[in-house]
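Consider the two complexes below, in which subunit A is the common component and subunit B and subunit C are the respective partners.
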Partner chain A sequence: MWGSRSSRTVVIGVAVAVFVAASVLPLGYMLARFAAAESGSAAVLLDARQRTLLFNTALLGAGTALLATLIGAPLGLALARVAVPWKAALRLALAAPLALPPYVVALAWVHLTGPAGPVASALGPNVLSAWTYSLPAAILVLGLVLYPLSMLASEVAFRRIEPRLEEAGLVVAPPGRVLRRISLPLAVPSVAAAALVVFVLAVSEFGVPGLLRVRVFTTEIFTAFAALYDFGRATLLALPLLALSTLAAAVAIRLVSGQRVVSRRGTDGSQPLPLGGWERRTYVAAAFVLAIALVTPIAVLTWDAMGVSTNVFQGSRLAARNSLVLAAVGASFVTLVAVWLGYGRARVRYRLGAAIDVLCVVLFAAPSTVVGVGLIGLWNRDGVLGGVYGTDGMLLLASLARFLPVAVLLLAGAVRYVPVSHEEAAAAAGAGWWRAMTRIVLPQVGPGLLSTWIVVFVLAFGELGASILVAPPGETTLPIRTYTLVANAPPAELAALALLQSGVVLSPLALLGLGLAWRTR
Partner chain B sequence: MLDDFSLDVDAGERVVVLGPSGCGKTTLLRLIGGLELPDAGEIWLADQLVATGGRLLVPAHERRLGYLFQDLALWPHLTVWGNLEFVLGSIGVRKADRPERIREALALVRVDALAHRRPSELSGGEQQRVALARALVGKPRLLLLDEPFSSLDAELRAVLRGELVRLQQSLRLTSIYVTHDRDDAAALADRVVRLGGRS
Partner chain C sequence: MMTARRRRWKAPRALTGAAIPLGLCLACSPQPSSNAEGGREVTVYVSTDRVFSEPVLREYEARSGVRVNAVYDTEETKSTGLANRMIAEMNRPQADVFWSNEPVRTLVLKSRAVLAAYRSPAADGIPEALVDPEGYWTGFSARIRVIVYNTQLVATDEAPQSVFDLTDPRWRGRVALADPRFGSTSFHVAALYEEVGDATMDEFFQALAANDVQVVDGNSVVRDLVARGEAYVGLTDTDDVNVAIEDGQPVAMILPDRDGLGVPVMPNMVSLIANAPHPQEGRALIDYLLSPDVERVLAQSEAVQLPLHPGVPGPANLPPIDSFRPMTLDYTGAAARVEEVTLRAAALLGL
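So, the complex of A and B:
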C-alpha cells in the first residue's frame, strides 16, 4: 500500500534501531559475555542449590499467578457484566495496587506482621511473625499487587464474547448455566494468558523476594553482581529465568491468538449476558480486596510514619524530584518510540507478530539487574558512548531498555482497534503515510497513548534493579534511596519514604479517577 | 486468488464484476487501488503503468481514485465534513476551495444537513451516502466500489442503487463495481464481467 520508499520505512526503521540498541543489546551483550566465558559453568545450573532456586522461583511464579487469578478474574467478570454505578472509578480503584511499587507493599507487610508490628502486639508474637520473611508472604504480596492484571484481562475477555453466542444458549438454558458452560470457557484462554504474564512478572521480580529474604534467581543474581562481582555467574543464573519467561510468553501468546471469539460492536443491538442482582456483592468484594491490597499497606505505613521528622522528606526531596523528572522524561521517550513500533507490530503478519510479542515479553521479564550490568558493559567505555556513562542519560537508557518492550505491546493492542481499512481509505483518498498516521490512526489511538505513558511513568518511577547499578555517583532516585536505607534507617523513616513514593504514583490515578467519576455522574 | 485475468475499462464505462464470495472480486479492486501488489502481470491507469509483478510503481495515494469500502471505513473521530475535508487536504486542494467542493459532494448524495455529525450518529443509509460523497469529493478518475450496499435492506439498497446510477450518468464516472448480486449488476452495468469460472 505505502511502498518501501514511503516515510513509513524511515520512521519505523529508526524506531527499530532504537529498540535494538536500547532494549536488545544490553541483554544480548550479557548473553554474548556468558557464551564467551569458560565452558563447564553450565554444570552449576544443575547442582542442588540451583534446583532449590528453580523450585522456589517456579513456586513463587505459580503461586502468585494462582492468587492473582483467584482475586482478579471474578472482579473482571463483575466489571464486565454487573451494572454497577461509578464503574470507571471502581475499576481505577481496583487497578490502583498495580501502581504501588511491590517492595513498598512488602515493607508494609514486614511492618504489619513483624515482631514489633501491630499484629504481634494484638495477638502475640507467634501468630504471623514466623511468616513475615517467607515464600508464602512473597506470594501474598505479589498476588495483591498483580491481581489487577488478571482483572483487566478478564474484563476485556468477557466483554469481547460475541453476544449472539450467549443468546443462542439463553434460548434453551438459564443464565447461570450459559455463564458456566458458554461464557466462562470462551474467556478462559485470555484469563490463562494473563496468569502466565503474572507468572513471568513474579519470577523476574527482585524487590519483594529481596526484602522478604526469599531465595530465588533474582536475589541470587543481585548477590552475584553486588557482593561477588561475578558477572558470569549472574548471567548464568539469568538463563533459567529467561527460559521460563520465553516458554510462558510463547504459551500465553498462543492461547490468546488461538481464540475463536470475535468482538462485534453491537451492530444488531444484541448485548452480552448481564449479571443482575450482583451489584451489592460486587461492591462488597471490591471493598474487601481494596481494604487488603490498598488500604492496609497505606494505613500501616502511615501509622509507622507518624511522628517522623520532616527532615526525612527534606533529605529525600532531591531523590523525589529526580524520580519524577526522570520518570516523566523516560515515559515520554518510550512512548514516542513505542508508538511506531506498536503500529508496525499491529500490521505485520501473524507469525512475525507472535515472535515480536515473545521477544517483547522476554525483554520485559529480563532481570533488571542483568539489564543494568549489560548497560554498564555497553556504555562504560572510551569515546562518545563513555560521554553518556556517568550521566542521568544512563537512567533514561535503563527506562528505555526495560519498558520499551511493554510499551510496544500496549500500543500494538491499541492500534489493532483501528481498522486497516481506515488507513487504506486514507491512502485511497490521496494521503501519504505520515498524513494518514497523524490525522487518521494516531487520533484514534489517543487513549492508548495516554494509558501507555501512565503505565511507563509508574513503572519507571518505581524502577530499582537497573537504576541502582547505573545511577551516576551522587545521583539518586526515590526507590534507590528507600532501598539503600532499608538496613540502616528507622522503620518510621522507611515508612515515610515508602508513603511518599506511593503518594506520587497514586496521586495522578486519584485525579484521573475523580475526573472519570465527574464525567460519568 | 486471481489467475489469468485481464480487464480493459474505457473512460466513462461502468463495469460490474460479478461473482460468488471468495472468487477474487475484492482482490481485484485492491490491486487496482494499490492496496495489494500483483505477483505477476501489469496494472495500467490512463496510460501509466502503476504496478507490475512484485513492484509497486505508483503508490495508492497517488493514483487519484475514489474507493468505497465494503465496511465504509468512515473515520469515527472526524465529522462528515472532516472526512471529506481530509481527502481534499490530501490531494492538495487549496483551503479556500474546500468548503465549496465539500458542499457540492454532500449535495450530490443529499446529505447536506449532516455535515457536522460524526459517523456514529448516522443511520446505515446515511453512512453509505457519506462514504460515497467522500469517494467522489476528490473528483477521481476512477471509482472503485466494493459491495457497498451488501449490509443494507432490500428497499434501501434499491434506493441507493438508483442514486448511484443517477450520479454515474450525470458525472460520467468510470467505475468498477464488484458484487455477488445480479440485481446490482443489472442496474449499474454497461458491461458485466463474471469471475469464478465463467467468462
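So, the complex of A and C:
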C-alpha cells in the first residue's frame, strides 16, 4: 500500500529515533554502564527475602489492576452508552481521582481509618483499623486513584465498536447477551492495555506501600539508591521488576491475541445498543465511586487543612505555573511522537507488535530514579548536550523518557480501531500516506489522542522521581515544592499543598472538558 | 461553516502548533531573569528541610546580591534525591555547595571524591570534633535525636529516658521508629553500633522487633503517629517534635541517655563541591552559613537547632549543648559502617 519511499518511512523513522534517544537510551545507558559492572550479583536476585518482596509486588500490581478495571470498565461503558445529562461534567468528576497524589490519598486513608481516626471512634478499633496498614489497603488506595485510566480507555473502546455488529446481534438476541457476547469482547484490547498500565504504575509505586507498611520490591531499589548510593546494584535490582512487568505484558498480550477489532466506519454518534433505562443506575454507581474515591479524600484533606495560613501558598504560584506549562508541553510532545509510533505498532504483524508492546511496558516500568540518573549521565556533558542540561528541557526529556512508552501503548489501542480498509481506499484514490493519515486516520483517533494527552498530562504533572534529579537549580515544579516542604511542615500544610496540587492539575482539564462539551453541543 | 472533518483535525494540529515553539523555548530557557549583582550566582544543593533553609538562603541573596540557585531535597523516603544527583553529576558538577542536615550523606560524598577541601575562617570557635580535620566539611547548627512521647498518654515521669528503654514490654506495640536504612535514623543506628558494639545493638533490635515496634517511612511520620496516639513513644529529631509542639499537638521530647551513653548530636554540614562552577561564590556562601548570625536564626526558628559557636543563644525550649553529655562520635567511623549496620538492623526488624 505505502512504499518504503513514502512519507510514512520518514515520519515513523523520526519518531522511532526520538523514542530510542528519549526512552531507550537512559535505561540502556544505566544497564550498560552500571549493571554490567556488577559481578557476582546473581545471588542478590535469588535472595529468598527478595522473592517474597517480588511476590508482594506482583499481588499489589495484579490486585490494583483488577480493582481499577472492575470500577473503571463499567463506568467507561456507561459513559459510552448511557444518555446521561451533564456527561462531560460527570466524566471529569470521575476522572478527577487520577489528579490526587496517591501518597496523599493514602494519608487520608490512614487518618480516616487508623486506630485514632473517626471510623475507629465510631465503630470501634477492630472494624477497619486492623486493615489500615495492609496490602488490601494499598490495593484499595491505588485502585481508587488509578481506575480513571481504565474508564477512559474503556469509553473510547466502546464508542468505536462497529454498530452493525450489534445491530445484527439484536436481531436474534436480547441486548444483554449482545453486550456480553459482542460488545465486551471487542473492547477487551483497550481494557487490557489500560489494566497493564495500571499494573505497571502500581508495581512502580513506592510511597503508598511505604506509608501503609507493605513490604514491596521497589523498596530494595530505593534502598540501593538512598541508603547505599549504589547505582549498579539499583539498576540490577530493577531487572526483576522489569521481568515481572514483562510477564504481565505477556499475559495481557495472550489475553487479547486473536481478538478481532472491528471498528465503526462512520463517526456519527448513533449507538444501536444504548443502555436505555440505566441513567439512574449510572448516577448511583458514579455517586458511590465518587464518594469513596474523590469526596472522602478531599474531605479529609480539607478537614486537615482547616486553619492553615495562606502563607503556605506563597511561592507556590511560580511552581504551579511551571508544572502546568511543563506538563502541557510534555504531554503535547509525547502525544505528538507517540501517535506515529502507535500507528506503526498497530499496523505491524503480530509478533513484532507483541515485542514492541513488551518493550514499551519494560521502559514504562523502569524505576524513575534509574531513568533520572541515566538522563544525567547522557546529557550532563560538555558541548551541545550540556547546553540542554540545566534547562527546563531536561524536565521535558524526563516526561518523554517516562511516558512516551505508555502513550504508544494507549494510542496503538486507539489506532487499532481504525480499519486498514480506510487507508486502502485512500491509497486506491491516489492519496499519499500523509494525506490519508491527516484526513482519515487521525480524525478517527481524536478521542484516543485526547485521552492519551490527558493521561500523560496528569502523570507528567505529578512526576517526582526523575524530575527531582534533573530539575534546573533555582526552578521547581509543584510536586517538588510540595515534597520538599512537607518534610517538616505541619499536616495541615501538607493537606493544603495536596489540595492545591490537585486543583491546579484539574483546572485545565475542567476547562478542556467544558470547551469540548460546548463544541459538541 | 467548518466541516466535521476539519473540526476534528484541528485538535491534533493545535497540539502540534502549540507544542513545538513552546517546547523549543523551554528547552533553551536560561534561568529566570536575575537581579544578581554583576550576574554572580551560586548553586547550592540543600538537604536541610526547605522550610528552615530557604529563608536563610533568601536572606543571603538579599544581602550579598548573589543569585542563589537552590535545589532542595525531599524527606529521605520520598525520593533518592540530592546525594545521588551529585554523584551522577560529579564529572561535570552543577552545584557549588552542599548543605546537609546529617553526616552520612556528606561523608559518603567525601568518600566518592565529590567534595573539595575548604577551611572557612567562619568556623573559628566551632568544636574541633565537628570540623573535618581534612577540611572537607564543617559542622554547624546541630539537631539531636530524641524520644518523642504523647503527653496525653504518657506521664512525664513515666517517659523512657534511654533508647534502650524502648524495648520495655510496657511499650509493646506502642513504639514508632523510622526506617533505619535512611536519613538521620541510619546515622543514629550507625553511631550506636560504633559506640556500643555489634552484640548489644543486635540484641536491641531483636528486642525491638519482639516488642512489635512500628517501623514507618520517616521521622515526621513517627511524630505524627505519636501525636495521633497510634504510638505512645518514638525516636525522631528535635525539629520534627518542635514543629508539632508549635502546632499545639500533644507531644514532648526527652533527650535520651543524657547522663549515660550520651545524646546523639547531628550537626548540619556544609561543603564545597569539587570542580564547582563558581568556587569563589561557593566559599562566600559557606562563610555565611557558618556565621553566628545563621546559627542564631536557625536556633530561633522552628528547627530549634543548637548553635555550635560559643555565645550564640540557643533555642528557648532546648537545653544548651554544653548542659548535657553528647555521644562521643567518630563520624567517619560511623559513616564507614552505615551501610553494613543499617541493613543488619533492617534484617533484624524484619524489613
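Methods note: the second predicted complex is superposed on the first by the 335 of 521 C-alpha atoms of A that agree within 3 Å, B and C clash if a C-alpha of one lies under 4 Å from a C-alpha of the other, contacts with A are read in each partner's own complex, and residues count from 1 in each chain.
We take it that a residue touches a chain if its C-beta (ideal position, glycine included) is under 8 Å from a C-beta of that chain, and two chains touch if they have at least 3 such contacts.
What you see is a predicted model, and the numbers here were worked out from it, not measured in a lab.
Engineer: State whether A:396 touches subunit B only (first), subunit C only (second), both chains, or neither.
Structural biologist: second
Engineer: Please work out whether A:314 is in contact with subunit B alone, subunit C alone, both, or neither, and reply first, second, both or neither.
Structural biologist: neither
Engineer: Using the touch definition from the top, say if A:490 reaches subunit B (first), subunit C (second), both or neither.
Structural biologist: After superposing on A, A:490 lies in contact with subunit C but is clear of subunit B.
Engineer: A:419 in the overlay: touching subunit B, subunit C, both, or neither? Say first, second, both or neither.
Structural biologist: Touch status of A:419: first partner only.
Engineer: Considering only the touch criterion stated at the top, classify A:465 as touching first (subunit B), second (subunit C), both, or neither.
Structural biologist: In the superposition, A:465 touches subunit C alone.
Engineer: Now for A:114: first (subunit B), second (subunit C), both, or neither, which partner does it touch?
Structural biologist: Once the two structures are laid over each other on A, A:114 reaches subunit C alone.
Engineer: On the A-aligned overlay, A:382 touches which partner chain: subunit B = first, subunit C = second, or both, or neither?
Structural biologist: It touches subunit C, and subunit B stays clear.
Engineer: With both complexes overlaid on chain A, does A:439 touch subunit B (first), subunit C (second), both or neither?
Structural biologist: It touches subunit B and subunit C both.
Engineer: Which residues would you name on subunit A as touching subunit B in one complex and subunit C in the other?
Structural biologist: The overlap between the subunit B and subunit C interfaces on subunit A comprises residues 439, 443.
Engineer: Hey, which residues of subunit C end up touching subunit A in the complex?
Structural biologist: Per the touch definition, subunit C meets subunit A at residues 4-5, 7-9, 11-12, 15-16, 18-19, 22-23, 26-32, 43, 45, 49-52, 67-81, 83-85, 87-89, 91-92, 94-95, 108, 112, 179, 181-182, 186, 214-218, 220-221, 224, 228-230, 239-240, 243-244, 247, 302-303, 338-339, 342-343, 351.
Engineer: So in the complex, which bits of subunit A are touching subunit C?
Structural biologist: 103, 114-116, 207, 210-211, 213, 215, 219, 222-223, 225-229, 231, 267, 325-326, 328-329, 332-333, 335-336, 339, 369, 373, 376-377, 380-382, 386, 388-393, 396, 438-439, 442-443, 446, 449-450, 453, 464-465, 468-469, 471-476, 480, 483-492, 519
Engineer: Hey, which residues of subunit B end up touching subunit A in the complex?
Structural biologist: Residues 33-36, 56, 59-67, 69, 71, 73, 75-77, 86-87, 89-92, 134, 138, 144 of subunit B touch subunit A in their complex.
Engineer: Report the residues of subunit A in contact with subunit B in the complex, numbered from low to high.
Structural biologist: Per the touch definition, subunit A meets subunit B at residues 1-3, 6, 419, 421-422, 424-432, 435-436, 439-440, 443-444.
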